[in-house]
Amino acid sequence: RGVRLGVTMAKSKFEYVRSFEVDDSCLPHCWVVVRLDGRNFHRFAEKHHFTKPNDKRALHLMTKCAQTVMEELEDIVIAYGQSDEYSFVFRRKSNWFKRRASKFMTLVASQFASSYVFYWRDYFEDQPLLYPPGFDGRVVVYPSNQTLKDYLSWRQADCHINNLYNTVFWALVQQSGLTPAQAQERLKGTLAADKNEILFTEFHINYNNEPQMYKKGTVLIWQKVDEVVIKEMKLPTEEEAQETTVTRTRNRPMPLYCDIMGDAFWKEHPEILEEES
Amino acid sequence: RGVRLGVTMAKSKFEYVRSFEVDDSCLPHCWVVVRLDGRNFHRFAEKHHFTKPNDKRALHLMTKCAQTVMEELEDIVIAYGQSDEYSFVFRRKSNWFKRRASKFMTLVASQFASSYVFYWRDYFEDQPLLYPPGFDGRVVVYPSNQTLKDYLSWRQADCHINNLYNTVFWALVQQSGLTPAQAQERLKGTLAADKNEILFTEFHINYNNEPQMYKKGTVLIWQKVDEVVIKEMKLPTEEEAQETTVTRTRNRPMPLYCDIMGDAFWKEHPEILEEES
Amino acid sequence: RGVRLGVTMAKSKFEYVRSFEVDDSCLPHCWVVVRLDGRNFHRFAEKHHFTKPNDKRALHLMTKCAQTVMEELEDIVIAYGQSDEYSFVFRRKSNWFKRRASKFMTLVASQFASSYVFYWRDYFEDQPLLYPPGFDGRVVVYPSNQTLKDYLSWRQADCHINNLYNTVFWALVQQSGLTPAQAQERLKGTLAADKNEILFTEFHINYNNEPQMYKKGTVLIWQKVDEVVIKEMKLPTEEEAQETTVTRTRNRPMPLYCDIMGDAFWKEHPEILEEES
Amino acid sequence: RGVRLGVTMAKSKFEYVRSFEVDDSCLPHCWVVVRLDGRNFHRFAEKHHFTKPNDKRALHLMTKCAQTVMEELEDIVIAYGQSDEYSFVFRRKSNWFKRRASKFMTLVASQFASSYVFYWRDYFEDQPLLYPPGFDGRVVVYPSNQTLKDYLSWRQADCHINNLYNTVFWALVQQSGLTPAQAQERLKGTLAADKNEILFTEFHINYNNEPQMYKKGTVLIWQKVDEVVIKEMKLPTEEEAQETTVTRTRNRPMPLYCDIMGDAFWKEHPEILEEES
């Protein structure tokens, strides 16, 4: 029979290794941002035949994953996504997992990644998933409302610049038959106004009329939503249960495709930055 | 047409927010360990009807995910898993992503999580996956071979203690009909020898004969494996291609179910701790 | 002659050790506080016959050192001292030494310590300095004006509580002849009101009339001061130089002994927290 | 009388600010190095008329301060100094102040700085100290004996290179009458051998015969020293006390001026790197 004598003792002898763990809790009273980026998504997009410059299915799947992250994790007040990246903002006074940065970023990254595979088929009906993708993440801490808003504005400005570029680039490739190298050369040194001009004169595309989701990215905030649920109910006086529809108001992370660089958005949604004291 | 004038300028105005990112690179010349733990896996196991005390399918799926992590990421020299956790050890002198802890842990966590959903059906044929699981991760840095070995020994001692406890606990519940509370009460204060005794006298189970994977957990190390590939080959003199089997030697992360607390394992596999200079 | 061949080469071989240094820069846009505490000052006070409960010479020397720190270092906007401790607040947007925490705290600690010995004789005329004292320091980062003010209030509340206690304690020892242990026992469990009462009824001391410096500690802020300098001046038409007094307005760290827990102080000195943009 | 009601309560309300302090303890089982550098010592040396290229008084004062640091603080096993810098190595398993980096570096910096002023007059008899100097410090952590030895070798190689340069530079200035700019120009691009050659042919200086302290810097290690103390002793049978000299063996930080880049030093003093288990 077992000669396990001493394994418990052995364990306690080894337990000193826990002291090598580092306390990585985020500075209190600060906004904690986790940003994810798809790993090697250039290759991933090619292998899965993403449409260019934007693949609607891929963007909606990203947003579905971000919504799952917001529902499953605690204290996320706003998220912003574009292309293959998503940023999640935890409320200033969150004490979730004692504000440990490693918990925040790995739980966001793993929940997002497992959701990506789980919900893939809902968005890519005819395109099987060939391999499980990876996402890298980081934590950044912002001490004030202004620095947080500037962070989100930075990501949205990045979205705009990339999308304008990609819209022209792929028009040149797909419609004018340029090679990628030729398209790149053509766009070298052009300003935003030049790109708008090329789109309009050569392709009759008014960039302003492009879909908001492509131009602005996706903002997720909590909003009250009426949800209709079908319930079986049996009144005491009745013999058989009856199906009834019940409407419930629920808080859900809902997508907006709007400007967040100006003041209007933040004035309209003051609750995002206001901390319950 | 577009009045995008100034978005590029706006972006550069916002770019100062990058300076809030922190350099979290791991101390050079140290072993970097990433440990993952399933989030709320008690509930996850119940919902998916895991067998108790060990679910072979779940353990093999965990190992499949760990193998994928080792194949897809760089510089992992050994991994160790038990229950719903897995530890990955990056080589001492790895300079992958400049040793940034956030990259290490989020890429491990996301790759593991997406693989868990991706490969689920290969292991749980009759049990659909109900929701995408999360995993939390952390990074710990060990400065010497001794501290690294002690870390892995600590996890294996933990595996042994938990598995012995769970084996008796579930025998009491499943075979003797005790409630979980009664089983817990029965085991309170018992030593390893007592638990072995209960298993033997009451259930005729010799704990020593329990499967090694349950008692020791799973060790993954790189090993040369002969892989047979079927190839179509057409010799110049032939008209039609012929299928030929080609044997290739590949390096693969292979599972072992052995003791890593003693010296024998490390003497047998000196290449794990020896760094190419 | 020298066989120094290769020392330069050797140095470059060793230079990799610099990569073990860690970037410890403080989060941007936050207040950086360095607090110093005298090391073993209980013993130091005894050996140098400090008067109890407060030694005016020692407190003024501390303040002289803090003024030197503010003059010699950059970007300190306010300092607060009591007993054997002093806190220094660097302005939110300081970029001194790239905000490296180690630079901040070691330069404060060393400048304070060298000044303590250098100016000792100006305050302790008859008491020679027996040995060079040590001070430990730490850096704490505060993200908002409120948290910074709360930090300073915390130190001032600490000053009040300790000073009230010490005033009664030493009255009991010095005037009533109790042993320290008896005095401690007597004060066990007493509230502030009780201590005021003892002071008033037993020693005819109205605590309110105690010196402000003892009750409030010392606040150092920059203030315009007229300084009279004697200058030798020779006009072209004159033969000999003449001494003239010239008055110059200089910015100097000046002591205040006032409440900083309420709003009044901050309203009177809005420039302390307002950052030039 | 006092209306101090509530200050204790106020203090507890403010105490949350302590949670903004960060745990900065050094990775266990690693060598902890604190390096100090004089602040603006170029200017300090000029103002106090240091002899060039080396001022013996200044170097000995630095070493006296380093010895005081080693005597007053805990767990320093070796120190190395050159020019206006000194490095202190804490033993691998030191648990002094829970290995907090801020404690290590501020206590070293402040003790060194206060000693510098305290002992100044013992070394600079005719040169009064004009102002209190500052020192900046940093903490670096080394995981292995090899990396620690390479760190110390790096500093000694730096000493050699600088001293050879300075020896020639000041010979050109002081003996050949070159301006500093001319001397700098003359030395541009020269190798170690060239500098040795200039010294020998132009100034008849064999660099090898220069003082070891200048060429190698100062190594401080603990060594047993016999110390003679005069004691008054009165035997029971005697009437008057008599002065007796008593010899005691004490452990003291003693200076060596030797090579620490090769193996010889470490073989001769194995106790420095060997940790008592």
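First chain written, first letter: the chains are A, B, C and D, and each begins at residue 1.
The rule is simple: contacts are C-beta pairs under 8 Å (C-beta built on N, C-alpha and C of every residue); 3 or more make two chains touch, one makes a residue touch a chain.
In this text the structure is predicted, and so the values were computed from the model without any measurement.
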item	value
Contact-graph distance - origin chain B, target chain D	1
Between A-C and B-C, the pair joined by more C-beta contacts	A-C
Chain D against chain C, contact positions shared by both copies (same if over half, else different)	same
Length of the line joining the C-alpha centres of chain B and chain C, rounded to whole Å	53
Geometric centre distance via CA averages, chain D-chain C, whole Å	27
Whole-Å gap separating chain A and chain C, where each centre is the average of the chain's CA atoms	48
Of all residues in chain A, the ones touching two or more other chains	16, 20, 22, 27-29, 141, 147
Parts of chain C lying in touch with chain A, wherever the complex brings them together	27-30, 141, 143-144, 147
In the complex, chain C residues that touch chain B	16, 19-20, 22-23, 27-29
Chain B to chain A touching residues, read off their complex	1-2, 4-5, 7-8, 10-11, 14-18, 20-22, 36, 39, 68, 72-73, 97, 101-103, 105-107, 109-119, 129, 131-142, 147, 150-151, 153-154, 157-158, 160-161, 164, 191-193, 196-197, 200, 206-208, 261
